[in-house]
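Each of the next two complexes has subunit A plus one more chain, namely subunit B in the first and subunit C in the second.
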Partner chain A sequence: MIFRLIGSRLLAAIVTMGVAAVVIYGSLRLIPGDPVSAITAGTRLTSEQRAALREKLGLNQGFVSGFTHWLGSVLQLDFGQSMVYGSSVNDLLAARMPTTVTLVLYAAALSLVLGLGMALVSATRPGIIDRIGLVVTSLSIATPSFVVALVLLGVFAVQLRMFPATGSGDGFGDMVYHLTLPAIALMVATFGLVARIMRATFREELVSEHVEVARSRGVARMDILRRHVVRNSVGPMMTITALLLAALFIGTAIVETAFGVDGIGQLLVVSIARRDFPVVQAISLLSVGLFVVTSTIADLALPFVDARVRAVGGLR
Partner chain B sequence: MSLDTVGLALAGTARRTRRRTRPSALVVASIALLGIVAVASVLAPVITPYAPDATDILNSSAGPTSEHLLGTDGTGRDTLSRLLIGAQLSLLAPLAVAVITTAVGALLGLAAARIGGAFDMIVSRAMDIVFAFPTLLLALLAVAVFGPGLTAPICALALGYIPFVGRIVRSAAIQEQAKPYVGSHAVMGFSELAITVRHIFPNIAPVLLAQATLTFGYAMLDIAALSYLGLGVQPPAADWGSMIAQSQSAVLQGNLWSILFPGMAVILTVLAVNVLGESLSDRFSLASRSAR
Partner chain C sequence: MMSTATNSSAAAAAAAPLEISGLSITVQVDGESRPLLDKVSLSVAKGEIVGLVGESGSGKSVTSRSALGLFPGHAITTGSVVVDGVEVIGASAAQLLELRRTRASMIFQDPRSSVNPVRRLGDFLTEGLRARGVGRAEANRTAIGLLEEVGIRDPARAMRRFPHEFSGGMLQRIVIAGALSIGPRLVLADEATTALDVTTQAEVVALLKRLQAESGTGMLFVTHDLELAAALCDRIVVMYAGRVVETGAASAIFAEPQHPYTVGLLGSNPRLTGERATLTPIVGRPLALAEAPAGCAFRDRCPIAVPACATEVPALRPSRATEVACIMPGDEKAA
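So, the complex of A and B:
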């Protein structure tokens, strides 16, 4: 039972990645008219350069052979060469990966701490505190990260001069300092959804029979929260963490642009504006891959952290 | 029918009617705000105090004054006029996304539920795969392929939100078609299509409306982000996202006025839309619970 579950989940992940690869590779072919002239619009190319580019992008092959060729190199982690920077896509990504990974993890930590904290407080204190929580989370959900980014820039970087306005810093400590405002901007835009979903989950556990039984046995309030409510909510918590990481990764496109942080997100935006397809394809694959990997891990880890799933092969 | 089921049914209807007659003040305020924004955007060409591109360079980056009620931006353009004109694209683009997504999502979700079998499995799998693409990534890819503008991202976002509508419609339709009346209509000789169109669709319409409203709010944030990145609306046209982008240089000079109003416009509109969507969604789940 459990092996079938794992097998089908892995198969679904592989199929999703396969279809994503076709779509992302095919995007280059979808360009109306001649892709080469569309991509290089504004630059003068000799017909030899044009032919070389066509060859390099695999455009003179059929879709299937072009795709298998491209997929072959991607599976060997070779994303080709950037058309704008000239260097290999791998070098461009490797130089920016530490910054963006730090930013995503930093923002995820802030968002989870605040979101889960608010969810727990709202779920356990109905009434005015819960109401205030609802207003705050609604505001968070409705607020775009770039508006927060600009307000933070104006207040903390320009007027109070507490944080730098641009750049990603040298060395890890300086990088974390530079990434604080971007991480807060991402946190403000994401913690609301975390708090909403987890509040509903905690509430569901709080009114369940096993919590009532524990309460009637006289189990201490904190023990009920820790051992019954939070413990039983680990599954949804892992799922929301997986979704959050994927959302934050694409969110760096906005926040890194706002703060002039030289990371993967900003590279994606610049590459899209300049139609640097090898870079766009690589980052798009990373983005979808991150979602597929994190959500698959969250699903597969569930039986190990939740004995109920281990016993019956699924919740409920 | 035993007595207590009658009692339950009556209690259910009583609760439903009481809730119907009393929408919360917040919901009323949201509807009013959205109404004002919609009317203002339609009347924008008539009621703008200045031409949206007219510059008053002596009064640039100013706060609210009697001349310029909401101040001016970095090049001295009247913020109120630009907000009103910008409202048109800011509302129309997500509206287009919501309409396309709702139509296609409802069709796919209903068809998957009613036809079932292999078709249901293929549609559900396809929606799972689309779900793996962040909607903003789809919009960005559309720009990479078709160049900056709004048409391609609108289609890409509509595609990206189909699973959000389709999955919910599918499960609502599956719940609905399990009810006895569907079987009895089939026995009476009504066609599958007639039952779907005349009975199942009207019964799941509220959940569809709720989901369409929420999609509008999310799409508005995505499109504003795209315009903020300079990949959506292209100048001289403007929406709220591009206004926020243009305010960045003023903000970096310490002038926060320029971001206040376009930022508030996006936040308040999305907030109102979400409040409305959530109240519709709550009302539906309550109605279906008391009806069971």
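So, the complex of A and C:
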């Protein structure tokens, strides 16, 4: 049973990645008219340069052979050369990866701590506190991260001068300092959803009969919360975390641009503007890959926290 | 209140497991007060099984839960509930924890939802003892002994297994073991066998009776099934719409019910022995106290009601072998 679960999750992951690869590669071909003129819009090229570019992008081949050729390189983790920077896409990504990974993990930690904390407080304190919580989470869900970024910049960077307005710092400590405002911007835009979903999950457990039984046995309140309410919500928590990490990675495009952080997100925005196709393709594939990897891990970890899944080989 | 806690150990030796007197509970729903219980009195002596019988909404669950201080939200509670010498009404949170950890435990209806599905059975079984501060090894030893007692094969292995690996009947035996783990003076069984199929029910009832007899604990057996109660219990308390309407020895209630409601309950159950008779259901639907008419709450459904029934709530008075709250007790043939 357990092997069937693992098999079906891995198969789903491979299929998702395959479809994403086709779409991402196809986007180059879907550009109306001649992709080369679209990519080089505005610059005059000699016909030799034009031909070289067509060759480099694999546009002389048919879709299928072009795709297989591209996929072959990608599977060897070779994303080609950047058309703007001239260096290899791998080098560009590798240089920016530590910054973006730190930012995503930093923001995820903040978002989870605040979101789960609010969810627990709201779930256990119905009434005025819960209602205030609903308003706060609504605000978080409704506010886009660039608005938060502008407010944070105006207040903490320009007015109070507590944090730098741009840059990603040198060395780990300085980087964390530089990434604090961007991480808070991402947190503000995401913790509301975490709080909402987990509040519902906690509430469901709190009114369940096994909690009533524990209460009837004189189990201390904190132990009930820990061993029954939070313990039984670990599955949904893992799923949320997986989705949050993927969403935050996408979110870095806006936030890194707003705060002038030299990371993958900003590279994506710049590359789209300059039509640096190999870079855009690599980052797109990376974000799909991250989503697939985190949610597959969350699914595969479920049997370890819920024995019932182990028995039936599926989700509840 | 503080003095009850400190004196409790001395008083416990003499005190009855459960002594409820004049218990009234009213809850506030949307700014409206809705009464649930009206001056309920009952007691459970040491070594005694008392059946608390009534239809849904009669207040039997609310009554039994009050023994653990598990009152509904926004409830105004008057009267007295003394468990093993400890007054529950007005008790502090710490006193209630102590009560639930050492003196009284409850077996709930559905074992499938009583046990946390993601934790091991050992965690469930030892939870009560661990809450009291008993060490893990000792709690495990106690739990394994109890599992053996309730008829679970390979108890040590069962401790590491999960609830979904057991049938409903087996799981309810485990729940019973969990309830007995603290060595309670009072066990509250709230429809503890209702969710089980008939043969399993008989086994679990027999098990409950054996364990109760061995430990000499008092038991309040809450059920809607008057015949089951008559077979298991020493005494029976019949509730209707938040009030006690009849109480007496199980044999007396079964043989000579005095309240028309008790008569109706027995008449609506099929008999396997004796002469064959048509089932006579009680007309109408069971009422909660909040929607009951003035006077006797049962009068709208009663086959022998007279205008005098509307004037006041009848008090419990002795009539033949039982005590009954009816102005015309034992008069079922009048219909």
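Methods note: the second predicted complex is superposed on the first by the 312 of 316 C-alpha atoms of A that agree within 3 Å, B and C clash if a C-alpha of one lies under 4 Å from a C-alpha of the other, contacts with A are read in each partner's own complex, and residues count from 1 in each chain.
The working rule: contacts are C-beta pairs under 8 Å (C-beta built on N, C-alpha and C of every residue); 3 or more make two chains touch, one makes a residue touch a chain.
Fair warning: this is a prediction, and the values are worked out from it, not measured in the lab.
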After the subunit A overlay, clash or fit between subunit B and subunit C? fit
After superposition on the shared chain, which partner residues are touched by A:292: those of subunit B (first), subunit C (second), both, or neither? first
Scan A:94 for contacts with subunit B and subunit C and give back first, second, both or neither. neither
Which superposed partner A:45 touches (first subunit B, second subunit C, both, neither): neither
One more residue to check, A:210. First (subunit B), second (subunit C), both or neither? second
Of the two partner chains, subunit B (first) and subunit C (second), which one does A:220 touch, if any: first, second, both, or neither? second
Mind working out whether A:30 is in touch with subunit B, subunit C, both or neither, as first, second, both or neither? first
For the three-chain arrangement built by superposition, which of subunit B and subunit C touches the greater number of subunit A residues? B
Look at A:231 in the shared chain and tell me whether it touches subunit B only, subunit C only, both, or neither; answer first, second, both or neither. second
Output check: A:16 vs subunit B and subunit C. Expected answer is one of first, second, both, neither. What do you get? first
With the superposition applied, I'd like the minimum CA-CA separation between subunit B and subunit C in Å. 8
Footprint overlap on subunit A, where subunit B in one structure and subunit C in the other make contact: none
Per the touch rule above, subunit B residues touching subunit A in the complex are 125, 128-129, 132-134, 136-137, 140-141, 143-148, 217, 221, 224-225, 228-231, 244-245, 247-248, 251-256, 259, 263, 266-268, 270-271, 274-275
Quick one: which bits of subunit A touch subunit B in the complex? Just the residue numbers, please. 12, 15-16, 19-20, 23-24, 27-28, 30-32, 38, 138-139, 141-147, 150-151, 153-155, 158-159, 165, 246-247, 249-251, 253-254, 257-258, 268-269, 271-273, 275, 277, 280, 284, 287-288, 291-292, 295
Taking the touch rule as given, give the residues of subunit C at its contact with subunit A in the complex, in rising order. 65, 68, 70, 96-101, 105-106, 108, 110, 113-119, 123, 127-128, 131-132, 162, 164-165, 178, 182
Considering only the defined contacts, which subunit A positions touch subunit C in the complex? 208-210, 212-220, 223, 227-228, 231-232, 305-308, 311
